[in-house]
Every structure is written in structure tokens, then in C-alpha cells.
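Both complexes shown next keep chain A, but they swap its partner, so chain B is in the first and chain C is in the second.
== the complex of A and B ==
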């Protein structure tokens, strides 16, 4: 097991380095000059001043030197500064990451509980009303664009009923976490609704597959209680494929949902990534890209560990 | 691993995520200070911004300023709604010599920064000097302050101080190399910054200094809390010595649906030129719509350099504008919220030339002009733009179609990369759709001056000379005559194809009282008599 983990870890590190180089050099191919980008086309900025700033930021150095300088600083924990705002990227992430984790964490929890729970129950009673309704809900969840659902929620709960705010993670007067907690309800509901459909279907299909296996019939014939059959045997054996979806959903959520963030003015990683790409804020683009890439690599690593723990045959391979 | 243990691990991860979110709130509270709202709802003005809340508190030197900026930072003078007439603000008195080369300003002794430090002549001198050293600043300021004796040397970096400024007590004397007729009005726009808090800032990136996370101003209001991308709250400044405001709190938030926000009573004030929003607000009874006098022009810049034949031919440029049915396109897209213009000076502005050609839509004339000039109709005309809103995209599509209708081939695209480089340096276009939110009609002609303009249009010394003469003129009749001459030259050269002026509107809820009946350009500073504003229940 130890050798397995070390091998996987080394692969993770090598892949992270390769991705860092890919991210850095591909972003530098962008035609946008971040220094000129800040200059409104309607205004007359001195070209000399722009050139001076470009030199001061090291943007005129050979690109390979820029890469290694950046990589060295990142490994030392210095993420650099945003070209657009001048803020330390660490500070920017300190604002954005918690907002994303809030949204991602609650969405993951809610969609998992509902998706897996409904999917399992549908598989337990296939063909019944609950199963039919859940399958319809799943189709709607997959088919309806999340922004459309979000708009409906905003109109209903924020404007018609006035129960919640239409947007923003934090509003004037929100002094504590519990003051702004209601602001997360609508964006989480919007995101979770979009994710729950696929989970219901996967869980249902996976559980139905297992329900018809011989060992389930054997367990029943041995007199095992029905609840124990489902929890101890059906759930444990059907969760494998669902686990893959769940684990890889985490980095996608962490990368941020740009549409939901724009709709609800949520200051998450998604909107940060988009705005930094648009303005060619290289340092921020590189750090956020690495953040998402590392999240995916770690998720994959975790999945390998879970599978290895669950199935010794994986470790032997 | 047992099910129970797996469940515990899962619970721990989810709980940690929630805790992290809660801790960030606690950290933010520590950094920004807990804000307790003691204002009653009727004392709070809520401003909506469709552009959202920025990542940093945008400096006024770079963008002249929204309400939440101009209420925090004062200038030497307070302009009237026409942006030309001024009354003293931080200055108690001023005088300009008869030849326009000397300006004397007496600074008030009542000015106080919100950290308790008095506003001093050092702040004024430092601000004027620093304006010539920073990277990002409005060109108007550089153009005007660069005419202070020693200004060229400071801009070039060979001197650090303006030799043309001297101080005696609370009097500031400014010597100019030539008269600048809008020097005083521009000083009414130019925000004075605190030297003691910014003198050690990196001037190449002044806009990114940590000062702007919690700016210290000297105006009627202070920034109570600036939450990047989320909201800004302002509260009456305790150091303000003028008439106290009736409004006790200003909350600025982003809005993605201002129509619903007004209907629900969530915002009281909004500035917009978005046709969709304007249409939507027509059905909201609880708002007042106030058109504002703002020079917000859209036009085509023509890449008329000699290396871009045949667009170096003025007849070709003129033919293009005849091919475009501007009236129909503007009306169908803007539905009354924009008006066609034929020069950089719209009708109704001082200096407007009533004899200007109106370039009425005439596709046959356009086609015959192009044929007469030997235009190659197989040549693809490169149309570029940088505005990403749907109305602008639809407009460019319509323009492309108009030109296609007379047999021209077009390639319509957004600029690849930043527009500033695309327009002035790369110049991979024939016609670039551009905008200008102008402080004065002269800004249209200021665009022809400067070295980067030569790359696009070649040497335009006749226009440049007139612009220089205008800036030194002090009589309105002479200024209007010069503007008329400039419009004639504009129409002869057709280096910029005028399209339309976008209407700008301010919407206020019926809770808001005391707003002046006539409002000026909301993106420039002027006397709003904000002490008279109040919000009723």
C-alpha cells in the first residue's frame, strides 16, 4: 500500500509541474497585453508610462525566465500580485476560496443527499409513483439550464415573496456569518438542482443493477432483514460508480460555476477565473488554473486511494 | 474502512468547508471592522450599479467618478451641471491673469481629511505634480496640467517637481506656458489626494495602492466599508464642516435586474444607457426618469494611414457613411434612446455647425462614389469593435449587412486582444467602432492630437493647431468659431465617421426627494446639492 501511495504521489507531482508549464506558456500566447488592457481605449495614456510599468513588472524578460521565477515563488508560497488590482493573489484567494467552498460544499452535500437518497429509494421501489416522479425530476434537472432555474427562484423568493435577497454573498449590514447565511440558499438550490438529476439516474441504475445480483437473492434467502440488505449490500456495492461522479464533482464545483456566480453576484473562483482571463491578468490566471488542476489531481488521487482501500486487487495491480 | 468511519470523514470534510466559510466572515469582520447599522430605512439611499462593485475602489483620476466617489473626495472647485461654471470648494477664491498665464488659488482652512489631518497646500501641489507621473489618468488632466511651467520635464521624468507652482501661506500660484481655457473647470473635476497617505505609493500603479481598500477622503461622506465585488457603504464624514446631509447612509450594490429591484423597492438610484433596462423601467410607476446631458458618442474610427489604402482616400471614407442607414438602425436598436449625429458636436451644443452635411442614407450615391474612386469591391472591409453588449453586437451586424447590400464584403469581429493596442498600435482594421464619453465637445478633437493619433491618421497639424488655439481662447464667440472650423475640417477629412449619441438616464425611486430637476453628466463631478437629498419612508 505504501509503494502504491508513493507512486501515485510522484505521478501527481509530475503532472502538476507539467500542467504548470502548460498553463504558463499557453496563457502567454494570449494576444492581450494586460498593461494596455487597463487603459480605456477612450483615454490617451502615455505609451512611455505603459512601457515603464511593463518593464517594472518583469514582463519584458525572456519567457522561460518568467516561468521559472514564477514557479520558484509559488513553491515558496508567494503567489505574486494581480496585475489588475495590485492585490496579493493570496489575499484575493482568501476572499474567493471561502465563498467557493461555501457554495461548493453546501451544493455537494445537498445534491449528494438528495440525489443518492432519491436514486436508491427509486431503485428499491421501481415502477412506483415515487420512481416515476423522481425520473421526471431528473430529466427536468438535466434539461433545464441552471440559469433559467435560478432566475425563477430569484423572481419567486426574492421579488414576489421578498423572503430572500436576489444576489450577493454579503450585503450591507451583514455583520456575522449567520446574517449572510440566507444569501447562500438560492445559489445553492440553483446549483444543486442542476446536479441532482444525473446523480438520481446513476444511483438508481447502479442500484437496480446490484439488486438483481445473486448475492442479494442469497442474503434475502438467508433471512437478512430487508433494510440490512439494502444498506449493507445494495448501497455498498452500487456506490462505486456513483463515487467516481461525486469525487470528480468536487473540483468542478471548486472551479466555480460562472453562470450561477454571475446570476447571484457570488464572489467565487469562477468569476475570478473569467475576469482574470478576460483581462489577461496572467498571475491570477496561472494560480487559479493551478488551483483547479491540483484539485482535480487530488480528487483523482483520493479516488485511487478509496478504490485501493475498498478493493485489494487495485493495490496489487 | 467501516461505513461509520466513512460517514465521520465525510461529515468532517463538509463541516470544515462550512467552518472555513464562517471563519472568512470572521476574518473579514476583523479586517474591516464590524459595521452596525443604526440608520432607519428612510435615511438610507440605495444605489444600484449594473456594472457591479469593482475589485478595488476605482481612483477618480482614472474614472471621473460615480456618486460614491465624488461625495468622498473634494476638488478645488465645485462645477455646476454644465461642468463649466464653478464655485469655490477646497479653494475659497481664485483669480486668473488677463493673459491667462497665471492662476492664483487660495485654499480653504476648513478642509480636513477623514483621519483628522488638515487639507494643506502640500496636498494640492503633490496631487497636481503626481498627476503627471502616474500611468493611468484621464488625458484631460495631463493635457491641462502639462501646460504648467515645468510640466513637460515632469512628464519626461527629468524633473520631479513642477517649477511653475509656488506657495505662499495658503495661496498657490500656478504659472502656465500657455493659456488653458478649461484649466479652472478641470480643477473642479480633479480630486485632491492626501499626500501624507500616498506619497510613498508606487506611482506606476497608484490605483493598486492598499490605500484604496480603505480610502480616506475629505468629502461629505466617508467610506464606511468597501467589500470588493459585493458592496460599498458610505456614512456622513465626522470631519465634514459644511451643511450636514440628511441621508445618513449610502449603500451601493450590484444589480443584475434593476427593473425588479426598483419594483421591489430594493434600490433608489440608477444610471443607465442600456436600452433593455430603459424599456423595462417604462412599466415601473414608482420611478422618475431623468434624461441627462451627457456627451456619449459612438463613431467609427477609420484606419486612414497611407499604409491602409484605399481608406486613406477621404472620398472612400465619405462613401461608407452614405451606405449606412444610421437613422433606421439607431431607431430600431435604441428605440428613441439615441440620436444620430453628424459631427463630434451634437445639435444644441455651443459651437454646433448648422451647415454640417447630414449624410442622409443614399446607397446609390455610396456605390457610385466608390466606383468613381476605383474601389475594389472584392476587398474585404475589416470592421472591429470592443463593446460586448448585445445592442452593440446587433449594431455591428446591421452595419455589416448595410455594406453588404451595396456589394461590399465585410468581416465583422470583436478585437482580438485589448482594444487599446488594437486601435492605436496593431491597427488590423479598416473601421473600428468606438465610444467617447466626453467632458466637453473639444475632447472629440483632442483625439487627433498626440503621437499615437499619427499612426492611425497621419499628420493632422491643421486640426492640432486649431485645438491649441481653442484651448488658449477665452471668449465664447472665438471658441464657437474655432469649433465650427474644426467641424468643417472633420467633414472634409472624414477620419472619424460620426454615428450617434447615446442617451443616458438617471432613475430615482419615489422615496428619493430633493434631487435637482436638471441633472448633468453623472460621470463627471458637479454640484448635486446632496445636502438637500432625503429619503422618505
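== the complex of A and C ==
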């Protein structure tokens, strides 16, 4: 286990380094003077001052040395400055991350409860009406583009019925979560709708695998009550593989809500990436996507550990 | 040891038996009919369209569906029905060509990684993980913003970002197939490595590649639409399904002119549902184990 851990950790670090190098050299390839995002815009006033700064920041050194110096700064939390607003990128991220986490967390909770619940329920009587309906829902959820679904929701609940707000996160004066609810419900519903399909399918198949196992038959022949068979045996044994899928979803939510955030003008990481791309704010684009990529790496690292703990054969590979 | 076990658990069916299974499976039939109808009408756009491609008519803007404009007109008076046909042609062209390119990349890299194993495999695996570490749409957005969003650039960007699924499948199949007796036989006959990979083993992997290809087409249709929706896709002067749907970004359109955004959204959804049904059906036909469920 120890060797497995060390090896996986090494791979993680190497991959994170590769991503950071990719990001660093991509920013450098873009037609932007590095001084404009490395230095605080307030300190860069005159030409002489700029040359002085350039030397102080080591922009005349070999590029490899510059990369390691940049990496060191990034590790200390200094990500540079936005080209558009001149704000430190760390501050921008600090504003955006909570909004995305709120969206991702609620969606994660909602889609898990619905997806796992419906999946298990349809596995109890496969082929029956509930199962057929849930299969159709799953196909629609996987196939229909989420922004089309989102538009329909906006049209219905914001414009026609007027119950909920079509976009934004909070108005000035909205203090509690309940004040924000009219803004939160639609984007969460849209994101969750796109996620439940795969979850229903996966849970259903996983539960069906378990239902056909010998120990379920044994439990039944011993006279265990039917409800107890499902709660105590089927559910407990089919939830493992579903958990693996769930863990893998977290980073997808963080980075994958680009469309939904843009559609609902939700001020999170996804809409940050889109707006920085349209305004050619390369440093923000790169740092943000590096953030997301490293988060995904860490999550898949934890997934590997999780799998290895559950199944010793994984470690031997 | 491990590899022997894998070969016994995944029975492979030759492509021929696929067509016998097709008639049994209504999911496959419905999906195929939907796809063929949509694709055929897009291909025959020149014959079916009632109005010229992109023809602006400022005297008939935002008209609801009528006898002359079957699906109404948009803000510039363009006939929605004709625009949908021409848009489908561009969207499907982008999706099919880039899905095929992605499949070629995935198959070649997957075959090499799976057959050679060791360091080549480890390096290619790490590379695919590196690409997978970036969320799909973000990666596409970044690349498109770098190279610019022309139709052909989009094809290249999608090809470079959608090959990993095929790569993994082909790699897995090769890892188990390379220990089969027929591969040893080919090796003892002195066939070259390239010949063994592409002529001896690859034909056995055709079915899962087909499934991955169809899923790839649907993925790219959705991604193209998403990109256009964000205003970063094919330039608006060219009609695509995504560009037509992007009109729904305007609050006015969303509130008052439902025909402008409902039909492109429905067409994209139906096409994508069709492809998913076909992929599911194919999977059931090709893999008897999943069909049982």
C-alpha cells in the first residue's frame, strides 16, 4: 500500500508540474507583455520604472528560471494580475470560487439523492412502468443539451409564471440563503438534470448486478423481509461503485458548469473563464483552468486511493 | 494471468452478427430512423429548402410560422425552416469529420499503447490523462480562442479534444487481444509489428470503435451548439444549429418569439437522443452481457 501511495503521489506531482508548465508557456506564447500581469498595475507608471520592474521581476533571465520562479510564486498564492481589471487574480478567484461551490454543492446533493433513489427504485422491478419511465428520463437527461433545458426553465418559471429569477446570484441586500433561493433554484435544477441520467443508469445496473447474486437468494430463502432485502443487502452492496462515480463528479461540476453559469449569469469560475476568453485576458484564463485541472487531478488521486483501499488487487498492478 | 482472465470475460462478436441483431431491437430502429431523417434532410438542404441560404428579408422579421415560412422567420427575416436545413449541414459536417479524425487518433494511439505496452503505454496514458484533466468545454474554449473559430479550425480542435475515449477502449482491447493465439501465430510467421497491429488485431475491435464514434458525433454536435451559444463558435454569418439556438440569448426572442429558439433546440435534442439510442442499441447487440439487463 505504501509503495502504491508513493507511486501515485509521484505521478500526481509530475502531472501537476506538467500542467503548470503547459499553462506557463501558453501564457508566454500569447502576445501579451508579461510585465502587464506580473506587476501591480499601480506600480507600473513610467517607462523607466517599467524597465526597473522588469529587471526586478527577473524577466531578462532564461525562461526556465523564470518558470520556476513563477511556480514558486503560484505556490505562495501569488497568481499575477488580470489584464482587464488590474485586480490580483487571487482576489478574483476568492470571489468566484464560493459562487461555484454553492452551485456545485447543491447540484451534487440534489442529483445524488434523485439519481441514486430513482436508480435503486427502478432496479426493484426492472421492466415495469417506473423503470421504463426512468430509462426514458435518463436518455433525455444525457442527450438534451443542458442550455436548451435551462432556456425552457427560464421561459417557464421566470417569464411565464414569474416565480423565479432568470439570472444573477444575489441582489444587494440579499443576506441569507433564502433571499437567494429564487436565483439558485433554476441553475441548480438545470445542472442536476444533466447529471441524473448517467447516475440513474449506473445505480440501476449496479443494483441489478447485486440482485442476481447468490447471497440475495439466500437472504430471501431465509425469510428476510423484502424491504429488508433491499435496504440491508441490495442498497448496501450496490452503493460502492456508485460512490466512485460520485467522487469523480465533483471536479466535473466545478469546471463543467461553464454553460449553465453563462446562461444564468452566475458569477462563478465557469463564467469567469468565458468572459476572460472573450476579452483575451489570458493570465486569468490560464490560472483558472490550471486551478480546475489540478482539482480534477487531486480528485482522481483520491479516487485511486479509495479504490485501492476497497480492493487490494488494484494495488498490485 | 490477468490478461487471460480479461479475454474470457469479454466475448467479442463479429460485426456481421450485428445486422441480425438489429431487427430485434426497436431502440436501435427508432434511433436510426431519427438520425437518418435528420441527416438526409440536412444533406438535401438544396432540394428541400424553400428559401435561399441566409436570405435576409427585412420586410418579414420575427414572423410566426405560416404558409410561406413554415417555421417562421428570425430577427433578420431569414426563413427558419431553410436555415435549419443549411445549419444542419454545417453542424453535421463539423461533427462527423471531427469525430472521424478523433477516432483515427484514438485508434492509432490506443493500438500502439495497448500492443507495445511498457513505457510507450505509460507515456501515452499519462498524456491522455493530462488532456482529460481539463474539463472538455474549457479545453475546447481555450483552443478555439487561440486558433480562431472557423469551421475547419473547429474540426481540428474537436478532433484534438475528443480522442481519449476511443484511445482507452482500443488500448484495453489490444491489451487483452495481444495474448491471443492468433497474434502469436502472426508473430511466428514473421509479420511486421505494424501489420499485426493494424491488419490482424484491429479488425476485432471494430464494434466498440463504432459505438465510440457514434457517441463522439453526438458529443461534438452538443459542444458545437454550446460554443455557438457562448458566442465563440462558427461565425454567426454561417448558419449552424448552435448559431440558430443562440438567438435565445436575447430576452426579447425568449419572451415573444418562441419559434426562433424552440425548433433548433428540438432538432439538436432529437438528433442527440437518436445517436444515444443507436449507441445503446449497438452496445446491447454487441455485448450480450449488457443486453441481459
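Here is the rule we go by: the second predicted complex is superposed on the first by the 239 of 317 C-alpha atoms of A that agree within 3 Å, B and C clash if a C-alpha of one lies under 4 Å from a C-alpha of the other, contacts with A are read in each partner's own complex, and residues count from 1 in each chain.
The rule we apply is simple: a residue touches a chain if its C-beta (ideal position, glycine included) is under 8 Å from a C-beta of that chain, and two chains touch if they have at least 3 such contacts.
Since the model is a prediction, treat every value here as computed from it, not as a measurement.
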Kindly classify A:86 by the partners it touches after superposition: chain B alone (first), chain C alone (second), both, or neither?
first
May I ask you to decide whether A:296 touches chain B, chain C, both, or neither, giving the answer as first, second, both or neither?
second
Is A:243 in contact with chain B, with chain C, with both, or with neither (first, second, both, neither)?
neither
Which holds for A:110: it touches chain B only (first), chain C only (second), both, or neither?
neither
With the two complexes superposed on chain A, say which partner A:159 touches: chain B (first), chain C (second), both, or neither.
both
Count the residues of chain A touched by chain B and by chain C, then name the partner with the higher count.
B
Quick check on the superposed pair: does A:145 touch chain B, chain C, both, or neither? Answer first, second, both or neither.
second
Just which bits of chain A does chain B share with chain C as contact spots?
30, 154-155, 159, 166, 262-263, 280
If you look only at chain B, which of its residues touch chain A in the complex?
1, 3, 14, 17-18, 20-29, 34-37, 52, 55-56, 63, 134-139, 142, 155, 204-205, 207-209, 213, 225, 227-231, 233, 249, 251, 253-257, 260-261, 263-264, 266, 386, 416-421, 423, 434-437, 446-447, 450-452
For the complex, give me every residue of chain A touching chain B.
30-34, 36-47, 49-50, 52-53, 56, 81-82, 84-87, 92, 94-95, 97-99, 101-102, 104-106, 108-109, 154-155, 158-159, 162, 166-173, 175-177, 180, 231, 236, 262-263, 265, 267, 271, 275, 280, 309-310
Which bits of chain C are touching chain A when the two form their complex?
126, 129-130, 132-139, 141-142, 145-146, 218, 222, 225-226, 229-232, 245, 248, 251, 254-255, 258, 261, 265, 268-269, 272-273, 275-277, 280, 293
Which part of chain A faces chain C closely enough to touch in the complex?
11, 14-15, 18-19, 22, 30, 126, 139-140, 142-145, 147-148, 151-152, 154-155, 159, 166, 205, 208, 251-252, 255-256, 258-259, 262-263, 273-274, 277-278, 280, 285, 289, 292-294, 296-297, 300
